[in-house]
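Order as written gives the chain letters A, B, C and D; numbering starts at 1 within each chain.
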Amino acid sequence: MIEKSAVERPQQFRLTTFGESHGVAIGGVIEGCPSGLRINHQLIAEDLARRATGKTSSESQRREPDEVEFLSGLLDGVTLGTPIAFLVRNIDAKPEDYEPFKDSFRPSHADYTYQCKYGIRDWRGGGRASARAMLPYVVAGSIAKQLLAQHGICVTAEVSSIGGETDPSKMETLLAQCRSNGDTVGGIVHGSIKGLPAGLGEPLEDKFQACLAKAMFTIPAVKGFEYGDGFAMAAMKGSEANDTMTVQEGFVKFLSNHSGGIQGGITNGEEVFFNVAFKPIPTLGRGDRHDVCALPRATVIVEAMAALIVMRFMP
Amino acid sequence: MIEKSAVERPQQFRLTTFGESHGVAIGGVIEGCPSGLRINHQLIAEDLARRATGKTSSESQRREPDEVEFLSGLLDGVTLGTPIAFLVRNIDAKPEDYEPFKDSFRPSHADYTYQCKYGIRDWRGGGRASARAMLPYVVAGSIAKQLLAQHGICVTAEVSSIGGETDPSKMETLLAQCRSNGDTVGGIVHGSIKGLPAGLGEPLEDKFQACLAKAMFTIPAVKGFEYGDGFAMAAMKGSEANDTMTVQEGFVKFLSNHSGGIQGGITNGEEVFFNVAFKPIPTLGRGDRHDVCALPRATVIVEAMAALIVMRFMP
Amino acid sequence: MIEKSAVERPQQFRLTTFGESHGVAIGGVIEGCPSGLRINHQLIAEDLARRATGKTSSESQRREPDEVEFLSGLLDGVTLGTPIAFLVRNIDAKPEDYEPFKDSFRPSHADYTYQCKYGIRDWRGGGRASARAMLPYVVAGSIAKQLLAQHGICVTAEVSSIGGETDPSKMETLLAQCRSNGDTVGGIVHGSIKGLPAGLGEPLEDKFQACLAKAMFTIPAVKGFEYGDGFAMAAMKGSEANDTMTVQEGFVKFLSNHSGGIQGGITNGEEVFFNVAFKPIPTLGRGDRHDVCALPRATVIVEAMAALIVMRFMP
Amino acid sequence: MIEKSAVERPQQFRLTTFGESHGVAIGGVIEGCPSGLRINHQLIAEDLARRATGKTSSESQRREPDEVEFLSGLLDGVTLGTPIAFLVRNIDAKPEDYEPFKDSFRPSHADYTYQCKYGIRDWRGGGRASARAMLPYVVAGSIAKQLLAQHGICVTAEVSSIGGETDPSKMETLLAQCRSNGDTVGGIVHGSIKGLPAGLGEPLEDKFQACLAKAMFTIPAVKGFEYGDGFAMAAMKGSEANDTMTVQEGFVKFLSNHSGGIQGGITNGEEVFFNVAFKPIPTLGRGDRHDVCALPRATVIVEAMAALIVMRFMP
């Protein structure tokens, strides 16, 4: 049996999500949200807009209003501590766009694997494999960031490279090229968590970085994750890689942060930073409403996933 | 609360581990091992020898016999389906080696973070943060590999680079240099899982790659994980990265495998391959029984973690 | 940490519920429902009507249409294997009825304990402690019964006593008395599961009866649970209580079923039967739309909880 | 997938147990025990003696010394916060006693159901279905009681009836009769938890009483559970059953406790009390070392299970 025990302590901020990209609605249920938070709906709307448009020239043509309806867990806008259910209706879904793929498998999509697993799939769109399935994480992540801000914890993410380019103007040029060629391109998002207390994470099974990695690989198109100095440390000597500590006025102070704020799976109070690698979007050259690059829209998703992980570790 | 339900279906091959590196014993309990397997103890002993010695000149001087005692779950050497408990006594522990660190924190170790989290720590060695805490995973992983072999599934791992060098003789030279300089060095392990059926993994929360990533970041010193073409895909165009399918004699056949055998979180029947980046060992220059490089001993641990993940997804 | 493992096998038919009795809506998300089931919506509507009216003279005056809207997990009425979300809007809620209790605690309700736990409560009704919070279980249970019927498994429940009376006409008389006196009364529901295969349940932590008991105590007002001969066995001798087996035409046959179809936590293929004791409804004498007895409406809830448990144990 | 999240907060005091009654050893691993507790080994030994002998004339002839060896999680007798593993070797096992049952199924034992489930069973004794499988719960429960005592919480259990008799001298007479007749007899254990804070338990899935019930049904031979006024409330009127509250000097005070200290699944600060019904031991008339009544040895197990549940709910 799965559980060792007859009872479990409440876990904070568990998220259950539902919805196919072209079904009736997409949404989620947050269990274990602390009571007493007055939710700022404007911040949620801003995060949803970042997800929907990416705020750059590579933004998708799909323009869902993404109006969130809250169904439970709130009284006069304040959390009750009970499950918070919410949904967004899929009003802009155009299943006819997908009619050609009803009986075929698109390359490097999940059409084939869903068919293998379930014997049936929702051909009207990407179903649960669509990037739109991340929307409930963005809503929950936005609430999580509001809670974390009360503890002085700040989660951010930004595009650090596209197609290997790190210079913003060169990135824009590359995106324009891809758009005119009907091609797509991958990239890297850099994430940061500041203000974390020391002591979060578990020694073995639930190391902080292991949970963060799992959350990032939940995002579609993610192919790699590293934290601290990451893959570069595989080419380092120990004499270059260690983070020396001193004691200043009774407090431990780290003189460097190659480790990325985590030692032995447990946060040490320094900044946790990490990189997430995205493959190019597999849908090519259709000149349609699809993106040429997932990255601009992905930063708010990376923030959300990181914020959800931190919430779950908070005492 | 944590669980949505009053009951849980059995999960296969759950491992609970225990033991400090310099305590009485280290071991584990495997729950949900299928009944009827005749355990091959020789294969377990070989895997433990790989973990203890790494079979290379960079091997540790620590020579624990690592004799496994099985306490339950077996009848005449065959699994009963009940919990399999096992232990290895720590006969070679030398706490006096660690006496100097009783009241100080070693840099880039977990001494400081354990103290923050628990207010107490086992100063006699690395405690749960020691690489020795991986021993129970090697035992369980060895049994998992025996079960998977019955299904034609093969899990392997090998050192692909050390200190940035991929040529084996250059690796050896580098290790010798480090040893004479009292330095250490990082590297990369390449893992492979062949023979997997299509359909393993879940669409969102438990994508196959997400669980694999989490398992790898459970290993001490791991700083990065990528699968398929990994970080390289962040610099690719979609036109270079897609895996085209054809149908041959009624079966789907993939013409390339940039994806690394997984799409939408679910295996597609192709080889799953991945890279794991290790930082250098932080304990420097002590001319003592510590390794200059964790990599040779790490391959069997990477195999074990991967095998445990596959077992848990098997129907 | 909580989980022993980096990954978990899918559990069948997990239900997450949400909704306050007088909030916007009440509903749930079923994860792990097998794909390919064509849902019979008429059966769900009938079960919801049983919950809403109890089909007896003691029925509530509250008449919610309880229209279920399905949001995800279905394609042309067939389950996709992805999460099935559904909701029922609370159109008949009258928070003004509860205005007097905004600042006081009703006796033997959960008002006081919710206030202790969360520091805030939804005074507009029973919130999550309302019997209406069982509605999502009835919907999910109805789908579970449809799946179980395909395996020849039948779950039923009936009122076996009210206020200590087991004769139906005496029960009716007692209910009429209570109604005229502004009083309420408790009772016992008898449940039965027929057609179960042998082998369901786990030896220790998740014994079949333990999971069934936990599910029944999730229902509001339940104070006792027994299975097989139950509390009566506490007064029996071993010579009266044992279930002898014989072998007939190669099959094991039980000559009695004091055990109630379970031995050592595992089903033996005989009928599982049990009793659930309900306390009287604590809201007294208000001559309003509240019930005098929860029992007639509770049978469909007992069925639902039992069906959900069986679904989770099914291979 | 089972878990909604990529990470879980630590649950306090999770117990994993292992061991067949006639195998090498029996034991457990406690994860999530708070650090800093100096364990009182004498109290553990006393609880193990209660389990082994029951301290009455009906006590078993089996005299295991039940010496506990701790393998991990302690430094100089103080808990480190890491997993605490322990074992007791089965030195008194006599598999030859069970030789006759190697190829047959004992009535009302779990022999048949284990065979159905696993296709193999440990015929040398009761295996995991033996009452001896409760030993690790007694050890962990003893530690839990030590932790709870620091919070002023006291868990106790006592035999309240045997074979329907509540008078202690009549119970002794009945036990003597059974012994001379080669018969066995059931009974009821009454449990009590005093000093609990208000606010423990979850509104729906993990109601305090539901978790307590599940834990009690984990004990072999348990057939019924009730809390507060229990089954008697099924025959009550609401006017007899409600617990009125008053406010005295600013504190809520309950004038009665029919509810048994729990409302809406959440503790209200009053005593939690409950009854557990045991069937007679099924092994009859062998004049050997088996008990005629499980009850005297069961009280310490009931205490242990209750203490483990409380520990898991503690903040």
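Here, a residue touches a chain if its C-beta (ideal position, glycine included) is under 8 Å from a C-beta of that chain, and two chains touch if they have at least 3 such contacts.
This one's a predicted model, so the numbers in the text were calculated from it and none came from an experiment.
Return the chain whose centre of C-alpha atoms lies at maximal distance from the corresponding centre of chain B.
Between chain B and the rest, the longest centre separation is with C.
Determine whether chain C and chain D, two copies of the same sequence, contact each other through the same residue numbers or different ones, counting it as same when over half of the numbers at the interface appear on both sides.
same
Taking each chain's centre as the mean of its CA atoms, how far is chain B from chain D in angstrom?
For chain B versus chain D, the centre distance works out to 37 Å.
Distance-wise, how many Å sit between the C-alpha centres of chain A and chain B, to the nearest whole number?
Each chain's C-alpha centroid was found; their separation is 26 Å.
How big is the gap, in whole Å, between where the Cα atoms of chain A centre and where those of chain D centre?
43
Where in chain C do residues touch at least two different other chains?
Expected reply: 1-6, 8-11, 14, 16-17, 31, 82, 117, 127-128, 202-206, 210-211, 214-215, 218.
Which bits of chain D are touching chain B when the two form their complex?
Checking each residue of chain D against chain B gives 1-6, 8, 11, 16-20, 23-27, 29, 31, 35-36, 69-75, 78, 80-85, 87, 117-122, 124, 127-128, 202, 205-206, 210, 214.
Help me check something: in the complex, which residues belonging to chain D touch chain C?
1-4, 7-11, 14, 16-17, 31-32, 105, 107-110, 112-114, 116-117, 127-129, 133, 161, 163-164, 178, 183-188, 198-199, 201, 203-205, 207, 209-211, 213-218, 220, 223-231, 233-245, 252, 258-260, 262-269, 277-284
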